[in-house]
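Right, I'll just put the structure down here and ask away after.
Labels A, B, C and D are assigned to the chains in the order they are written; within every chain, residues are numbered from 1.
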Amino acid sequence: MNELLENLVKSNKKLTKKGEVASYIPALENANKDDLGICLADLDGNFYTAGDYNKKFTIQSISKTVTLMLAIMDNGEKEVFKKVGMEPTGDAFNSIIKLETTMPSKPLNPMINAGAIVISSLIKGKNKDDKFNRLLDFVRKITRNQNININKEVYLSEKRTGDRNRAMAYFMRDVGIIKGDVEDILDLYFKQCSLEVNCVDIANIGLFLANEGVVPETNEVLANKYITRLVKTFMITCGMYNGSGEFAINVGIPAKSGVGGGILASIPNNMGIGVYGPSLDEKGNSIGGYGILKELSEEKNLSIF
Amino acid sequence: MNELLENLVKSNKKLTKKGEVASYIPALENANKDDLGICLADLDGNFYTAGDYNKKFTIQSISKTVTLMLAIMDNGEKEVFKKVGMEPTGDAFNSIIKLETTMPSKPLNPMINAGAIVISSLIKGKNKDDKFNRLLDFVRKITRNQNININKEVYLSEKRTGDRNRAMAYFMRDVGIIKGDVEDILDLYFKQCSLEVNCVDIANIGLFLANEGVVPETNEVLANKYITRLVKTFMITCGMYNGSGEFAINVGIPAKSGVGGGILASIPNNMGIGVYGPSLDEKGNSIGGYGILKELSEEKNLSIF
Amino acid sequence: MNELLENLVKSNKKLTKKGEVASYIPALENANKDDLGICLADLDGNFYTAGDYNKKFTIQSISKTVTLMLAIMDNGEKEVFKKVGMEPTGDAFNSIIKLETTMPSKPLNPMINAGAIVISSLIKGKNKDDKFNRLLDFVRKITRNQNININKEVYLSEKRTGDRNRAMAYFMRDVGIIKGDVEDILDLYFKQCSLEVNCVDIANIGLFLANEGVVPETNEVLANKYITRLVKTFMITCGMYNGSGEFAINVGIPAKSGVGGGILASIPNNMGIGVYGPSLDEKGNSIGGYGILKELSEEKNLSIF
Amino acid sequence: MNELLENLVKSNKKLTKKGEVASYIPALENANKDDLGICLADLDGNFYTAGDYNKKFTIQSISKTVTLMLAIMDNGEKEVFKKVGMEPTGDAFNSIIKLETTMPSKPLNPMINAGAIVISSLIKGKNKDDKFNRLLDFVRKITRNQNININKEVYLSEKRTGDRNRAMAYFMRDVGIIKGDVEDILDLYFKQCSLEVNCVDIANIGLFLANEGVVPETNEVLANKYITRLVKTFMITCGMYNGSGEFAINVGIPAKSGVGGGILASIPNNMGIGVYGPSLDEKGNSIGGYGILKELSEEKNLSIF
């Protein structure tokens, strides 16, 4: 398997030239465009790695899968889906239009920014710090990595330039979907996006989802079958931005990407995968990571369809 | 299994009172609101049935899965997806907005009406009748039922009242996505929607998809793994109208519904299911059929996630 | 005055190079790009002309002002505005979006295509020919020109390529705003757009509006103060496509343009103006005609504001 | 004239029962629903009044006319209209959709909230207070009323509940239309809306516009012909929210309304009118004020069309 992964990294390296590193904040722009790495973790406890699998990157939108689980456990599924929908959307991840045209107004799903901000607003805690610490603790347990922390430079950049997210948050407070201090809610959102991880961490999240909410080895139960299945479903229907449908067809694996260059993938009852490659295609997905997952899925017949 | 199915039909019968039979054409309005039936066909050749499994109904939007396969085999995947996208949409199945706002203009996917009309326009044939006959032949082979035919009353009703579809077709001809005589293209579309089937026929389509394009028993190869997988993926991401995301979460099975009351479901490498119940929920999906599939999925652990 | 007009034609001639002749149908494409002419008719019976004032061109969207008057007289204001609104729109003249998003669905005003098609559908007559003949008769009386007729080549071209208009018409029949045979309604619409006129004819329409519905000289009363004022108001708020607001600010005269290159202008209780210049700006308004009207308004202080 | 105005107030009093007082902030909700008053000021120096002409109310959106003039004088017309358009819109005054769909993104006109916020951001001054004081000074000079000030309660309410405006402002900062501290810009916007005036003040603004930028009596020149004409044009095309087109047809006078219940009207080279009646129709315009202006326009033939 290690050899297969090495080959996949090698054969997809050329794709990285065709993409672009995210440029909306300086910290991301400095990434190494041709980095490419993968970690695959299966339920038997095996870890396979190749390429730049231990390089650090910010988790960005991949965090939406984790906060969704926590918000459901904090509030119950019913409360959560009163405020955010379950349907994919043909609009951009940062589009504000449907908030105005959907009645009653609520974001279509928790994977677009508006929906993810709602989810962040539902994380419980005594105060802003407590909320973040609960999230951080949850991520550390899932990944079995106590060293995960935020990248301060990225966090501050996100905060400084996050006006589109502010626009959505204020719109949603205006129509009553979110309550409380908008800057506090966004602060948690910017922090969750700035969590620094590597491919192994992401593979562990995928493994946790594949294992239906039980952390392998520690056997700690942090979520349940229903919640982890729900997350994997959202990954298929809306995990890869406006390329989700195409990815589902071409790869057939539940996956969630982030503009930091990571992709989280999870094969139900089988394995978790973390891929990293900061060169993005025009939809915001890691171009090399997409290629690796496509070939891996074909090679190992991993499609769920 | 037969007993389980009988129980599912019984326990979901009450749901039929909460829905409404489609009313946009008289022929559909006359359906028996509390009809409910199911047929399940597995790859071992077993057929299980319960309730009104042999009542006839029109296939409606379920036909979109069949024409998609034929259009891809007629034109190649590349040509087809130049003219229709692969992405789910948060808009209604008959919405025309995205045709104007998407550049270059093309329907987001083949499961919404605009996309399905494009697909119908791509079916090859010497003339209008030849095109329909090729489609009919394809359906009859997949279902192993030579008696399938159109319901003339429904067909004529669809034709008479299909102005929204005409609007979309003319818009698409204006921007160059479809070519040829619009009424001829729509005639094929209305005919495909008016094909009369029962739960066994639908289960057979599901079985064909589960079996990756090979007709069981006859072993005739009518499609391939890639095409049938693609269809199942579209069923998950956009098969149940604006309730696709929720259905994927709650049921987790590739499915396609029609306003005639049918639902086609396919469990990869396992089985095909046809359900019929003309009482629809507010999204246009069979309300009793949805309930049956949900319980069946839980009972037999059929979710692909 | 004749000298002033000659100078205006001369000084604005250079603008014609910056625009483009309408190209969606061949007949329009053949127009002489640097043609430019004007006719000004005042209530004292004076006619002033300059440049290509007697070249023929098709009236196109300018006809919307005339059919609106006829439809109101045929049906009453109340009936007409049940089916079309009175408000300007920020969308394109051929946009279909608002038909789907406005509830109850009706075109925002009679100057955009959808609204004008509704208006055409309201013209009374025993049959399709009778309706057109009534309209033709009305136009001939207003212009005091019995020779006005349709340009067959343009009419047939419009009919052949009018799919966007068909899309809107079928959409509107689907939601119940228009009734009857869509092709018949569009036939009248395409014919009204294909009426062939020159600057003198257009100036006479403007004079008729300025004179509150009374034909000068013949003193025939064909409309009334309220209707002609209503038309002039629509000309200010939505007469110049997506440049209506800017034109109102820069010129301040009620005006309606057509892609044939004509502009109709009317100064209340004062004069009517017809301008012709087939070179269009990016909004579809005669670029030279706009320039002439702007300078003329400044020179003679014609703004109504 | 005083008698005519008295009669108009009396005859339109019954309309106030059909409307509703603005309820989005408590301070507005406390207004007297059946208040109705008018002041008419002509260029000969006459002032005519009737009803509750001296009751105070907050100027709200009427302020958009004043800030527009100041912003143009501060920045030049060219700079201002780089950032805001000149076209009317069929969307609601607080709609955010067009900001996302228009490319390059800019509000369609300065009379909708997004456009007015841009305009406020362009008012010059050393700091936030200086900017407001310059605006206040401008308003006081135009109205010849040194006692005009903000209603603190309304101002604080607006600030507390202005999340929709915040959403638009952050969106616009994200796309680069506005620069600087959003809360500071909105503070000026909320303050300008909270200026407390009566019908006489509003009539004076109308008179100033009618007099082309010269304050009567003092003869102070505060604006010019072009700018005041531009404002009157915007009042016709977009001054009465989504009822602008209908008002232009029915009344034919440049007018701008505010949800405080005021309407500013200006007859070019003739007179200014201020009307007050806090009972609003469903579009947000004073229902009694609309009625008075309609009858007055008919009686005195004031339509500009």
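As a working rule, contacts are C-beta pairs under 8 Å (C-beta built on N, C-alpha and C of every residue); 3 or more make two chains touch, one makes a residue touch a chain.
All of these numbers come straight from a predicted model, not from anything done at the bench.
Averaging C-alpha coordinates per chain and comparing to subunit D, the farthest chain turns out to be B. Centre-to-centre separation of subunit A and subunit C, using mean CA positions: 55 Å. Centre-to-centre, using mean CA coordinates, subunit B is 47 Å away from subunit C. Centre-to-centre separation between subunit A and subunit B, using Cα means, comes to 32 Å. With touch defined as above, residues shared between interfaces to two or more other chains in subunit A number as follows: 101. By the definition of touch given earlier, these chain pairs are in contact: A-B, A-D, B-C, C-D. The touching residues of subunit B, counted against subunit C in their complex, run 95-97, 99-101, 163-164, 166-171, 173-174. Those residues of subunit C that touch subunit D in the shared complex are 85-91, 98, 102, 108-109, 229-230, 232-234, 236-238, 242-246, 248-249, 252, 254, 268, 303-305.
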